[in-house]
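These notes open a run of structures that come right after.
Next come two complexes built around chain A: one with chain B, the other with chain C.
And then the complex of A and B:
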C-alpha cells in the first residue's frame, strides 16, 4: 500500500481535499494531512480566515502558495472560526514539518454536524490516497 | 476532448484591467462558459506586480514608481515581484486540471507548459530550456518566469517573456537583493536575465513573436488555436470586477500575512577568492526569498553560480538545510571552483543570514 509512507493517524476524520479533522463535541480542529503537505511541497504562504468568519462546507476558507502556485483551501465542514493558528500563518513550513501537531490551521464550531458523515475514517482515507497515487502513476 | 482552444489577444492594457481579466477568464472557464484559452498579456503603462500573497510595501519602491508613472498591482497568481515594461509579452493558459495530456502533478505541468513556450522560442531561433522549478532560461540567464493559480478544477498558468527589457528601471522599481552593491555588482546582476533582442541581436516584430509562441504551444499541447474575443459574459463580469482590482484594498492587500523581505549582505574570504552574498530573507518563515552571489573566484561550469541562486530561491534558511542544499548542488552540477569548497558558500550564506538586515519586514509596516 503506497499510502503507508504517509502518516494517517487513527481517531481523525479526513476529506478528499486532504484535510484532517479532529472532532471534539461541537468543535473541530482542522489541518492538512501528511499526504496533502507532501503533494503541495514547501509551503511559502498561508492565508487563513480569521476568527468569527463563517463558511459553508466546500467554500474557500483560505489560500496556500508553494512553487509560485496559489491554491484555495476548501472548508471540509460548515462552521464558524473560533481560532486561527497565527503561528503557522507566520511560518507555514510548520505544516510541512508537523502536519498533525504545530501545523494545525483552524479550530471551528460546527454549524451542521450532519456533515461529519460525509468524511472518511483513517482506513477509508488510506484507500483513497492509494487510489490517487495509482492514478498519478498511470498518467505517467 | 475538444482540441480547439481560443486564442485571445486583448492588446496592451493597464495593470488593473489585466489583473481583472485574469480573474474573469478563469472564472468563466471554471464555470464552463468559455473554451480553453491562450491569452497574450501586454501592459501599458509600465507596471510592477506583486505575487498574490506578497506585501507591496516590502517588495516595491513605491516612491520611485509614483515618480516614474509605474502602476502597481497584485496578481491572482503566486510568485515574486515583477517589473513589466511596455515591450514585454506575457502568455497565459486557462484549462481544467483534468485536461488530457496535461499532468496533474505541478512540477510535471510546469515542465510541459514551459516546454511549449521553449518550442515557440525555437521557431524564433532561440535555444531556450526549462529550468526547474518554473523558469525558462537561455544559457543560464532567465528569459521567462512563470506562476499559476486555480479556481475549482480550472487553472491559470502564466509567464513573462522578456523581449527588449529595461533592467535599470526594474532594479530601481523593485526591492531586490542588490540595493547596497556597487556598480560592478549591478552589472553582474543584469547578467542574470536576458531578453530576445540581446539573444538575436535584433527584436522581431511583436506579431512574429506572438505567432511563434502560438505555434509552439499548439505543437507541444497538441491543440488548435482559433483567434477569438471576449464573450459578452466575460465583458459584463470584467466591468463588475474592474473597480475591485483598481482599489487600494486589492493592491495593498486587505489581509497580507506577516512576512519580511529583509536585505542581508556578507562577505567571506576563501583561498580561491572573495565570496559576496546578498540575500532577501524572511527569517520567521525560514525562507531565502532570493540570493545574489558574486566574487572574484572562477567557477566551472561558468553558469554554476546562477544555477545555485535559482536553487536557493524560496529555499529553507535553516543552517542544516542550507548546508545540504549547497553540498548537493555541488555534487549534482559537478561544480569546480579552484580554492573554494561547497562549505565556503554555506559559510557565506550563513554569515549573511546572521547579519543585521534593513528591517524591511511586516513589523515596520
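And then the complex of A and C:
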C-alpha cells in the first residue's frame, strides 16, 4: 500500500483536504497530515484565523503558500477558534517537520459535533490516500 | 478548452479576467497584455514592507494584489501574459500543484526557443536562458479553480522596478538594479528585430494547442465582465491591499529562483549580500570611511549563513 509511506496515526480523524483532527470532548485540535504536507512541499507562509473567529465546515479558515503556489485552508468542522499555533505561523516549516506534533494549527470548540461522522478514521483515510496516489500514477 | 486572445487590456482587466474565470469555475486560456503599467503583489506579500507607495502614487502606477503566490512584480505593455485556468477537479492537475509548471511553461519555453534563445525550466516556476530569468510565473487555488499565470518579457524596465520596491537605502537600490540586470534577460536582449504581441501570442497559442487540442476562440461575455468588475472593486479596497502578509526582520528581495538580495545591519554599517543557490555570490558594505576593512571578502563563494557573516565582520 503506497499510503504506508506516510504517517497516519490511529486515534485521529481525517478529512479529504488532508487535515487530521484530534477530538477531546467538545474541543478538537487540527493540523495537516503527513500526506498533505508532502504534497504541499516546503511551506513558506501560513495565515491562520485568529482566536474567537467562527467558521462553518468547508469554509476558508486560513491560507498557505509553498514554492509558487497558494491555496486556502478549508475547515474540516464547524466551530470557534480557541487557539491558533503562533509558533507555526512564525515557522511554517514545522508543519513539514512535525505534522502531528509541533505543526498543529488550530484548537477549536466544536459547534456541530454531528459533523464528526463525515470524517474518516485512520484506516479509511489510508485507503483514500492510496486511491489518490493511484490516480496520480495513472496521470503519469 | 476556451481561448481568450484579448490583446491589450486595461491594467486591472489583465488580472481580473482570470480571477473571474477561476471564481466562476470556468476553464480557459487567456493571452493578453496590460496597456499601462502597474505593480502586482502576491497574495501573502506585505504592502508596506514591499512597496514604496509614495513613488507609485507620484508616478501614477496602480497596485494590485493577486490571489496567486510569488512576490512583487512590475508589469507593463512589454510583457505578454498567458493565464491558464482549470477547475480543481480537472484530472490533468497533479496533487502537487507545482509539478504542473513543467507542462504549463512548455509553450512559453517553445516561444523563446523559436527565437533561438536557450530557454529552460528553472524549477519550480521560472524560465531561464543562460542562467538568467526571462519569465516569472505563479499559481494558486482561486475560488473553484486553479490559476497558473505567467509572462514573457519582451523588455523590462529595471530602473522603475528598483524604484517601486521599498529598500533600506540608495546603495541597496543600486545593488538591486544591478542584480536584476545581471540575473534577468528579455527577448529584446537576444533578438535584434522587433517582436510584437501578435507574434508571441500566436506562438503561445500553438504551444497550448499541442497540449489541449483545438482551442475555441471566445470573447468575454456579460457574466465574465461583471465578475471581473466585482473583483476589481474588491481588490481596489484599502483593506484588501493592506492585508497583513509575511514580514521579514531584515530586507530581502528574491530576484530569480535561487537568487536573493538581502541587507543585514551590522553595527553602524549596512551589508548587502547577493546569495545564489545558497552561496554568497557578491557582498558589499556601506558605512563610514575604512568600512571596507571591517569585512572579510573571503566569504564569497561560501555557503550563506548568518553565522558566516558574523564571523567575517569585525
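Here, the second predicted complex is superposed on the first by the 140 of 140 C-alpha atoms of A that agree within 3 Å, B and C clash if a C-alpha of one lies under 4 Å from a C-alpha of the other, contacts with A are read in each partner's own complex, and residues count from 1 in each chain.
In the analysis below, a contact is a pair of C-beta atoms (placed from the backbone, for glycine too) under 8 Å apart; a residue touches a chain by one contact, two chains touch by 3 or more.
Worth saying up front: this structure is predicted, and the values here are computed from it rather than measured.
**Q** Kindly say whether there is room for both chain B and chain C on chain A in the superposition, answering fit or clash.
**A** Aligned on chain A, chain C clashes with chain B.
**Q** Please name the chain, chain B or chain C, that touches the greater number of residues in chain A.
**A** B
**Q** Applying the document's definition of touch, where does A:91 land relative to chain B and chain C: first, second, both, or neither?
**A** Only chain B; A:91 stays clear of chain C.
**Q** Just chain B (first), just chain C (second), both, or neither: which does A:65 touch?
**A** A:65 contacts both chain B and chain C.
**Q** Go through the superposed model and pick first if A:45 touches only chain B, second if only chain C, both, or neither.
**A** both
**Q** Would you check which partner chain A:83 touches, where first means chain B only, second means chain C only, and both and neither mean what they say?
**A** In the superposition, A:83 touches no partner, neither chain B nor chain C.
**Q** According to the stated criteria, A:130 is in contact with first (chain B), second (chain C), both, or neither; which is it?
**A** neither
**Q** Taking the stated contact definition, name every residue in chain A that is touched by chain B in one complex and by chain C in the other, in rising order.
**A** Shared contact residues on chain A (touching chain B in one complex, chain C in the other): 41, 44-45, 47, 63, 65-72, 136, 139.
**Q** In the complex, go through chain C and note every residue touching chain A.
**A** Residue positions touching the partner: 42-44, 67-70, 91-92, 94-98, 101, 124-125, 137-141, 244-246.
**Q** Which chain A residues qualify as touching chain C in the complex?
**A** 39-41, 44-45, 47, 63, 65-72, 132, 135-136, 139
**Q** Could you pull out which chain B residues touch chain A in their complex?
**A** Residues of chain B touching chain A: 51-53, 76-80, 103-107, 110, 133-134, 146-151, 255, 257-259, 284-287, 314-316.
**Q** In their complex, what parts of chain A are in touch with chain B?
**A** 41-42, 44-47, 50, 63, 65-72, 86, 89-93, 136, 139-140
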